[in-house]
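Listed after this line are the structures, all set down as structure tokens.
Both of the next two complexes hold chain A, though its partner changes from chain B to chain C.
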Partner chain A sequence: MIAQHTETPGSANDVHLGCAASKLRNVGALLAVIGIGVAAFVTLGAENGVRHFMHAYLLAFSYALSITLGALFFVLLHHLVRAGWSTTVRRIAELLTAAFPVLFILFLPILGSVMAGKPVLFPWADVQLMHDDHLLHKKIAYLNANFFAVRAAIYFGLWTLLAVYFRKKSIAQDAAPSAELSLSMQRVSAPGMIAFALTTTFAAFDFIMSLTPTWFSTIFGIYFFAGCLVSFFATAILLMVSLQASGRLTAYVTIERFHDLGKFLFAFTFFWGYIAFSQFMLIWYANIPEETEWFLHRLNHGWAYASLALLFGHFIIPFVGLMSRHAKRNRKVLTFWAGYMLLMHWLDLYWLVMPAYDAETPVFGAAELGSTIGFVGVLIACFAHAGRNVSLVAANDPMLSESLSLQNQ
Partner chain B sequence: MSSDTHNDMHANETAPTYGVLAEFDDVNGVIAAARKVRDAGYRKWDCHTPFPIHGLDDAMGIRPTRLPWLTLGMGLAGVACALLLQWWTNAYDYKLNISGKPFFSLPANIPVTFELGVLFAAFTTFFAVLGLNRLPMLFHPLLTVSRFGRATNDKFFISIEAKDPKFNASATIALLQAAGAGHIETVMGPKPSATKFPGWLVIAASSVFAFGLIPLSLAAKARFSTSSKPRIHIVPDMDNQPKSRAQTANALFADGRASRLPVEGTIAMGDLQEDVAFYQGKQGDAWLKGFPAQLTISDALMDRGQQRFGVYCAPCHGVSGLSDGTVAQRAEKLAEGTWVAPTKVTEPHVIVQPEGQLFNTITHGIRNMPAYGAQIPPQDRWAIILYLRALQKSHETGVSDVPARALPQLN
Partner chain C sequence: MNTVALNSHASALLEATERPHLVQGEQTFSAVTETVCGIAERPTAPPGFWWLFGFTACLTGLLFTLIGYLIVTGVGVWGNRSPVFWAWDIVNFVFWVGIGHAGTLISAILFLLRQKWRTSINRFAEAMTIFAVICAALFPGVHVGRIWLAYWLFPLPNQMSMWPNFRSPLLWDVFAVGTYASVSLLFWYMGMIPDLATFRDRAKTHTKKFVYGIFALGWRGSNRQWHRYERAYLLLAAISTPLVLSVHSVVSFDFAVSQVPGWHTTIFPPYFVAGAIFGGFAMVILLVVPARAYFGFKHLVTTRHLENMNKVILATGCMVGYAYAVEFFVAWYGGNGYERFAFMNRALGPYAWAYWIMISCNVISPQLFWSRRARTSPIMMWIVGLFVTIGMWFERFVIVVTSLSRDYLPGSWGYFEPTLVDFGMFAGSCGLFLTLFLLFCRFLPMIAMAEVKAIMPQAHAHGDH
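Moving on to the complex of A and B:
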């Protein structure tokens, strides 16, 4: 069986972006400029506009970051468990991780607001407040501008380092087949995974949880991580579908791989629900004021609707919808659920970030939409730029034939 | 011995044909043959391979299993059972108020519901897999074929049962030959007598069952009859001790009581409370006005009083003493009728009460307010009264009462 598949299927040009790469990159960059520009235009100048813009910006930034982190996790996991099935889809994830350096540059406005001591985003940036507030003054050692900057530099440094290492080695294998390259990536994946776990957890604490500095939840990092994976698998499915619609990768990514990606999407949708409920129930049951505050805002006023929309939309409905094998093996149905989950993941981040701007009423408008479109544009541009001269599949990976022949019984 | 003679009696009966077994050398061979057998319309047949082969299900034309539906159905049944169980126990049969949460409260019920859903689904899957595959199977006719052992090593087999409506010994063998089988063998089933349940086993099993009923029937008898004998004491531990228990009779003493009173005039250590001003808030027959002489009025005592007030009094009387504590607010909301609202510390009749009377109220309670004498030591009760006086004063005061050193804090 395996021997039948060692010949590379398809012709060479259906695994390259080719001239579409520069077109895609330009479209992405244009979306980024227009999107973020519109968001800035409608907010800056209005009353409270800087705060509004920064919250919408952080929301969109987290959205792009979570997808990119999910991609990095997928690459690390692939090598850590010496996976076979995912070889044909791994390059897509490797190309997505190319966004880290650009995201770091786009993180600078957020960092700048903290360094300038302006509490437009994080209340703890106000040093005086930290000294006066009884609940906060013991947190000064962690929540201060300098340490925040150092931590952010460590996170983005490690992420970029890991992303570049795995992408470079993987692409080097395209030109010169070598099992040694695979083995060295497997060796790095274990410490890489530990670094990923710690940096992602603390990044979630720093970038999102500290919007409400008095509140704390130790499970928050995993909650954010669950969202990263949901959004990555949804993105991977949509990318595969659109690449195949343009005639690329058709011989490599069969319905079996869509089925596998669908299973992961289903699994992490449930995992998200499990973690989200674990976080909620302990806080709800213990009923301690400093912990319930965060949920109280989200279960009252207009935010109650967003919470209910997440419960049903992010968990119960897709859980039922994605459960069946037939849903995962039907490209159209799976494409729908992938797009749907990307929307729901956006709602999840919206629900995490925006109550910090207005705890009474959910605001939605050109600022939120524009900045999100902008950051999606950033991801597209980075993906296209990284994929301009490389194959979209790890063509000489020793595991490729296994990936091509695997079937779900 | 009896089973041997039993078999001998049927020595000349003929064993029925179980089916045919065809051997193949490689994966491709068995897949191609499976397609041919499938297309020929056979239903009762199977493939036996040393390892799982991707795509073999499809080549055999196996229908999708019913297992997922069983798992889903029983998982949902588990969810329903868990919700019913929790509703019955918590909200219907034996209501328990747990920190003011609703009796039937979905968030609290989710963990049990989730676990029971998973448990039902997992058990169903496990037992349904056994059942649908007719496991455990202690004997199979194919195991009598010596070549078949290689199905766990390096050979691939297809077996077609004689029970299949399309089975025809010569035609089936011809089909398998055409499909490329290396070796074909007809397999005999067990003799009909061998499939009968052995008689001695029936007797043994019934005896064990009958003996097993004896302890159960004894337990049932004891459950519904009374006996004057003490119950069987299997593990005595220290249950029976030669000592007098409280409220029992004892002939040793003149009054026949086992429990003895202490000698008249006995005072337990630390219980000598001669200072009635400090321990009872009294001066002669009247309430003590002011504080007992042995108490040193200080900032430390005031701080202690504020802190104790926050612990014991504020939940009802409120931090500022205006009867707006969280317990009072909650009770107002519940409007249960038996609630008497706590008194405001600023009420005129409280302000005029002597310190000794307030001390007595804290010690013994009043109306709905319980006695705190057992919980708050006398020193702390006086500290609370000291703070109470400050609280009363704070409600009718002006800047003139604020000490000069505290003035800057007001701005």
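Moving on to the complex of A and C:
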């Protein structure tokens, strides 16, 4: 019953990156080196430069990590719910998840700052402070360098394992169509999802929430997760559009799939708004000092503008913009919104990370821009490298025909 | 044994890659109509029906008697006293509002996600939503004490220029639950119109023809009517989708906006929503498993439907477990002594029994559904459904009562004890829920015939596209 879909009639059956892969990988690597290099160059000499560089670096790192985590979630969810529609899109996500081991290596400078006891990013890395501050002292069992390192190793270990498992199995299915492979991926997806939920939550606590170690919010893991999904769907749309612009995948990914991706982009934009509102409103309403501290920084001085920009830019405007069927079924309009949401997601992370560096003035310059471009380059290079010899579509997945033919109402 | 294992593996393989038909057996369109209409058209109810109905009607009578007693005497007939001024009334309210969520999720979100298996159970679950909201609304309604002033819940212009507090989540509740009830009712009713028309066309007596005719709104099944119907259905699904999130989020605000340790935590909105869907699906299982055997539509609501629902129960059960764990962790991580105490007090204090009932029922019992055998056995799933329903009631009890009973001042601590009226009113609300549900089973199309027919293979003779 398994149909062969490797040859699609017509000319639009190019499903390989081909020689573009190495070119793309080199461009990505070059962007990474130049971007992060520029960021380091403009900051490291200056006063307070290490702190500035590390915050910009963490911001860009979180940006790349969130997109990659979103891709991993998409793959897990696809198998968990035995989805059909997303089959033609899934390989793109699988290739994006190839970035985890590289991201782990790039995480080492952050880890290093903590291990060295330097509070350049996380105030709790200062052992003396942890002993002197009454409130922080209570958290020492969790907020300490060794445990942080162990946790980070567990997160990246599990993410890499899951990513490699699903990519390998899926690629194996290209060569030998087999329902066994589908079944085993579906079976692993359920425990995989639980591992994903816990690691992502605690990674959000560790990497971002603990920048303000006195502050806490139980919803924070879900808030970060919502951003991961927004950025992944936007990335998937942009990748698909660019691949199609180069003549690839045009027979596989129809406007129906763009429509579906657009719906999810819309849904998670809304979900993000819901979670962000819940977090803000509850803290504002109860008005407990140890919680409001975090929002006070973000609602005063220059950061008030960033907060307003998020409210309108990340929620209200795209909510209206993406609502109509037309916006999701017109490639150009959808491409605009996908790019726009990627920018907004960046702003969201900027708003999460950078007030820890300067609580009064939002700083933006070569450091932030350079490191972000650098990490986008990392994602491009990893994607291209993982995709150098494989099909860009899960060509023998038994559900492929459903994905090719399913139409929206 | 080996062949069985092999066969189950083969069927698992088939399921991994194929979409089997949802309706089982050699079904024709007219057979579906016969099955569903047959239940309501029987001249006499099936044996035992009126006994069951009599029992639930007695409980309903008890409910209204106790409401009368409460109105005449005052809310002091409940066990609510200092420091626990909110107790079973709000617990029951949140419990019943939560039950309704499965209906909205099935009718709205599963529709948008193209989950065709929803068609056999959506009517059922939507009916359950409406009845659950009715039960829910009773409790805050009578808790106001002077029930003749209950209309003050609404912001009505009046000569005293007195308004409800717009900053109070209790007022938001009035709007959230009100919107929810009206949209759910509309969705349920609109979806039923084609089926009501079928009832009308088949009715043997003039009275039935007349009554079903009124509610069928002159449906003729023309092309244009179907076109409009489908558009309206899609729009209503889109409108209902945020309601799945909003209603229980607003309910959670009742607690989370406060500064009470154990109530004020930011994860409450999504956590309450997950819990509501969890409890709602458990209630669907509790009702549909006996109903499909009793009324004979096992070929329409198949084991696959039940298994899918059980998977949703497992998934949302894990989400609820996640929320419990994160709450506990952050209570410690936050470093606030009162918050830490509130959580230790839940797990080890005088209400530890309630806490561990909650954990066993909500987090541990659904883990059985990792096993396919448990997911597909009607008895097992019914038992787990019962556990989950009990557990979700206790979840609200734990949240409401443990936090209030021991707040900042040890001098004002207390231990809540319910009165017989508390027990009677909760039992009575279950009676009201079941009474309405039995009436629905007897007189209305329990399965969305038109929608089920649309997913049968005959409806797609030229392929599924």
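Here is the rule we use: the second predicted complex is superposed on the first by the 396 of 409 C-alpha atoms of A that agree within 3 Å, B and C clash if a C-alpha of one lies under 4 Å from a C-alpha of the other, contacts with A are read in each partner's own complex, and residues count from 1 in each chain.
Just so we're on the same page, contacts are C-beta pairs under 8 Å (C-beta built on N, C-alpha and C of every residue); 3 or more make two chains touch, one makes a residue touch a chain.
Worth saying up front: this structure is predicted, and the values here are computed from it rather than measured.
When the two complexes are overlaid on chain A, chain B and chain C occupy overlapping space and clash.
In the superposition on chain A, A:41 makes contact with neither chain B nor chain C.
Once the two complexes are overlaid on the shared chain, A:285 sits against chain B and chain C alike.
With both structures placed on the common chain, the touch criterion links A:201 to chain C but leaves chain B unconnected. Applying the stated contact rule after C-alpha superposition, one finds that A:222 touches chain C and leaves chain B untouched.
Among chain B and chain C, the chain that touches a larger number of residues in chain A is C.
Legend: residue contacts after superposition of the two complexes on their common chain; A:295 is shown touching neither chain B nor chain C.
Using the contact criterion defined above for the overlaid structures, shared-chain residue A:402 touches chain C, although it does not reach chain B.
By the touch criterion defined above, A:340 reaches neither chain B nor chain C. In the superposition on chain A, chain A positions 1, 281, 285, 405-407, 409 are in contact with chain B in one complex as well as with chain C in the other. Chain B contributes residues 27-28, 52-55, 57, 68, 72, 99, 107-108, 110-111 to its touches with chain A in the complex. By the touch rule above, chain C contacts chain A in their complex via residues 12-19, 112, 114, 230, 234, 242, 245, 249, 253, 256-259, 264-270, 318, 322-323, 326-327, 330, 333-336, 370, 464-465. The part of chain A that touches chain C in the complex is made up of residues 1-2, 82, 84-85, 135-136, 138-139, 142, 179-180, 182-183, 186, 190, 194, 197-198, 201, 205, 214, 216-222, 263, 270, 274-275, 278-279, 281-283, 285-286, 288, 290, 398-399, 402, 405-407, 409. Contact residues of chain A toward chain B in the complex are 1, 277, 280-281, 284-285, 287, 323, 325, 405-407, 409.
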